[in-house]
Amino acid sequence: MRSAIKATEAARLIPDGARLMIGGFLAVGTPERVIDALVARGARGLTVIANDTARPGTGIGKLIDAGCVARVVASHIGTNPATQRKMLEGEIEVELVPQGTLAERIRAGGAGLGGVLTPTGVGTVVAEGKRVIELNGREYLLEPPLRADFALIRAHEADYFFNLTYRLAAANFNPVMALAAECVIAEPDEIVPLGAIPPDAVRTSGALVHHLVERRH
Amino acid sequence: MDAKELIARRVALELHDWTLVNLGIGLPTLVARYVPPGIRVAFQSENGIIGFGARPPEGMEDPALVDAGGGFVGAVPGACSLDSATSFALIRGGHLDMTVLGGLQVDARGRLANWMVPGTMVAGMGGAMDLVAGARRVVVAMQHAARGRPKIVRELTLPATAARRVTLVVTDLAVVEPTGDGLVLRERAPGVTVEQILATTGAPLRVEGEVPEMRLAPDPSAGAGQALR
Amino acid sequence: MRSAIKATEAARLIPDGARLMIGGFLAVGTPERVIDALVARGARGLTVIANDTARPGTGIGKLIDAGCVARVVASHIGTNPATQRKMLEGEIEVELVPQGTLAERIRAGGAGLGGVLTPTGVGTVVAEGKRVIELNGREYLLEPPLRADFALIRAHEADYFFNLTYRLAAANFNPVMALAAECVIAEPDEIVPLGAIPPDAVRTSGALVHHLVERRH
Amino acid sequence: MDAKELIARRVALELHDWTLVNLGIGLPTLVARYVPPGIRVAFQSENGIIGFGARPPEGMEDPALVDAGGGFVGAVPGACSLDSATSFALIRGGHLDMTVLGGLQVDARGRLANWMVPGTMVAGMGGAMDLVAGARRVVVAMQHAARGRPKIVRELTLPATAARRVTLVVTDLAVVEPTGDGLVLRERAPGVTVEQILATTGAPLRVEGEVPEMRLAPDPSAGAGQALR
């Protein structure tokens, strides 16, 4: 058996200045307890790679509010005026990436691919400074892979081997992020016995997960 | 009938049977209310749901079942969930028959700008660039003008969402089709004259013969269509 | 409701000379009834994109035996001496592709990506004639996307919207192939009512499937 | 104890606790029999299973549960299935702690050839090239010589599987570690002398001081280890 850790222990594993991928889409599918613990320990200088920064007071918004974040790589920050304000004030640096490109760059980082060749962004400001590769008469941007020091994953069920499932729209970026970090920390809603998740229902193999946060008490 | 309902009911006629369709946040989501009878459509939300349905009854909302705007939705029988990489594999890979998106500007070449107004707060493109690059048909649903200024312009002054020419522009005044040969006026809203449309359009608009009046999908209260049934 | 077709109808949809992706790994997860129907109708000149050509008398091996195939794109043909013999005799042209590269080229074709940047094959005969791209000091082969006219998919369950599930090792190439063809034909073991497959259990959305072959009688 | 068992029992000592390991077809699959006590390993098969186990009892085989060689296997509690793209994302992305593969040749630079003999029937590389390019550690399990000819050679005469230097070569005579500075003899099989090894090796082999005898994982009948338990 592998043992679960407390959210506070997870937060202690993550040093200031770390590069984090955090699952979720407007805080749906975001590991809230690990985020609360990061805020509580006063984390500083984090880079957050995520779809968005949610809203103030929810999900990644809590890290923004508490001043934990120095850099954001996201597809959208429009729902969080705090992120926008801190960006204009120079407190947070923001890199905007089209959502599909973000997902694919993370997948490439996790799958050992050298980059992504995408038509998205060709002929727009997203293409500025990037290598354009022509293939069969079409142009593609060469977008680099993304990796992180930690991936913070929100799962529905986990078993004792750390196999994970997700529910409905709460999967979103979690499965690809679980591929692309040196250390993967998963926060499940439920922990169930080995064998309780059928092999075909597992969406992220426990072989990819380094730490599991214990069930909410 | 207000302008938004008019636009949504016209766009709904573009829905094809047994196809996958993405509706953008805001005005485009209204289109789901006007699916014509006999048309079965699966609505995709880029955050990872195919077959989402109407908001559940009070108290039965599921925090894990939201649309791309974060609003609670339901799921129809036959719905499925997707992770973000797979969701955008479908979008970028041409598996969407159509996406309906709001617009800030469309220019004479049919290029869309809908994600950024320089000098204001920057929101980010979210999934818009992938949707415009990848969907087989891109329908822009927007007001014809904003604060008296045309939104159909000669050349974009706002950052483009994609280099690609959109399929159709549906406004409260007209249906405009961007072609390799410029913009063509295809339909006019009920009671609107061609002259009124031309006067409110900031780009050359070709008029070929008689311009028919828009047809509209039926009002839902008078017997709606079906989503994935 | 959408209606299911017979395997013979599926075989009639596929013209001679068509380019097919066929799911399966050593015939596990291969749509055998559609293959039998293709053999019965005497298909000719097919291109088959698949992991392997199975063994004589099983799965894709039946198409090889019957002389239906002009070209094979696969990672391995060692289990089928008939494929090897026909290749040496010039009857079948064979392109060998590393298995992970094959899966990723198909996924790229289905996901609208311009190609795959993979470290696999660098410094080997696989790299011959291919573009090598250097990124961050590492070399990657630029491998082109793959698409087909038809994908022949073997599923476990299908519902009336053609959503699909797979079982254990029978998934293999089926889910990616269902993304990458103009016409996707799925052969399920079982057909169940709409709603009987929970949303999180669906592995291929019915929105990707054009035709469903009826249940075996 | 025959040569294959010796090799498998030595390779088994390379298994680390709580890791993901791929075993190639043939000799390498024997390694699963000798997992040392207390070591929990998940065995991956590139056709899409993590956590496969021993062949089921007669009559309980599942046609959908086979290993990469097509042989029936079982699944341990906690096993999961993967499609081929995801399976190779794990392989290529460095998520495998180790792959154990058979070999035709290893050369002085530590390069492996194991997929093709020109002039004979061509089988194809299957997953071998991805495994060698992607696994964190590549252990080659092979006979030291075949028909009296060394399989460890100065320069490959067969087509390489990858440009990458493998981690370790375990044979029936020796354990050899390819380094940036050439091949180093690390261990010798029980009863085998350094001279015998050098005489059967076709490439320069550095000997640093005393060469210890191989340790071996215990015999399974004497209380085996566990896979994913």
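Every chain is named by a letter (A, B, C and D) in the order it is written, and numbering of its residues begins at 1.
Criterion: a residue touches a chain if its C-beta (ideal position, glycine included) is under 8 Å from a C-beta of that chain, and two chains touch if they have at least 3 such contacts.
Here the structure is a predicted model, which means the values were calculated and not measured.
J.: Count the touching C-beta pairs: is B-C or A-B ahead?
T.: Ranking B-C and A-B by C-beta contacts puts A-B first.
J.: If every chain is reduced to the average of its C-alpha atoms, which one ends up farthest from subunit B?
T.: D
J.: Let me have the rounded angstrom distance from the C-alpha centre of subunit A over to the C-alpha centre of subunit C, please.
T.: Measuring from centre to centre gives 32 Å for this pair.
J.: Between subunit B and subunit C, what is the separation of their C-alpha centroids in Å?
T.: 34
J.: Averaged over CA atoms, how far is the centre of subunit C from the centre of subunit D? Could you give it in whole Å?
T.: 29
J.: Identify all positions of subunit B at which a residue touches two or more other chains, and write them in rising order.
T.: 49, 75, 81-82, 88, 91-92, 133-134
J.: Among all residues of subunit C, which ones touch two or more of the remaining chains?
T.: Residues 104, 107, 111-113, 118-119, 166-168, 171, 199-200, 203 of subunit C touch two or more partner chains.
J.: Within the complex, which stretch of subunit A touches subunit C?
T.: Subunit A residues touching subunit C: 104, 108, 111-119, 133, 135-136, 138, 140, 142, 144, 165-168, 171, 199-201, 203.
J.: Flag every residue of subunit C that touches subunit D in the complex, lowest number first.
T.: 25-26, 28-29, 51-52, 74-79, 81, 84, 87-88, 94, 96, 98-104, 106-107, 118-126, 156, 166-176, 203
J.: Give the list of subunit A residues in touch with subunit D in this complex.
T.: 2, 107, 109-113, 159-161, 163, 179-180, 194-195, 197, 199-200, 202, 205-208
J.: Within their complex, state which residues of subunit D touch subunit C.
T.: 45-49, 62-66, 68, 70, 75, 81-85, 87-88, 91-92, 121-130, 133-134, 159-164
J.: Hey, which residues of subunit B end up touching subunit C in the complex?
T.: 18-20, 42, 44, 49-51, 75, 77-82, 88-95, 133-134, 228
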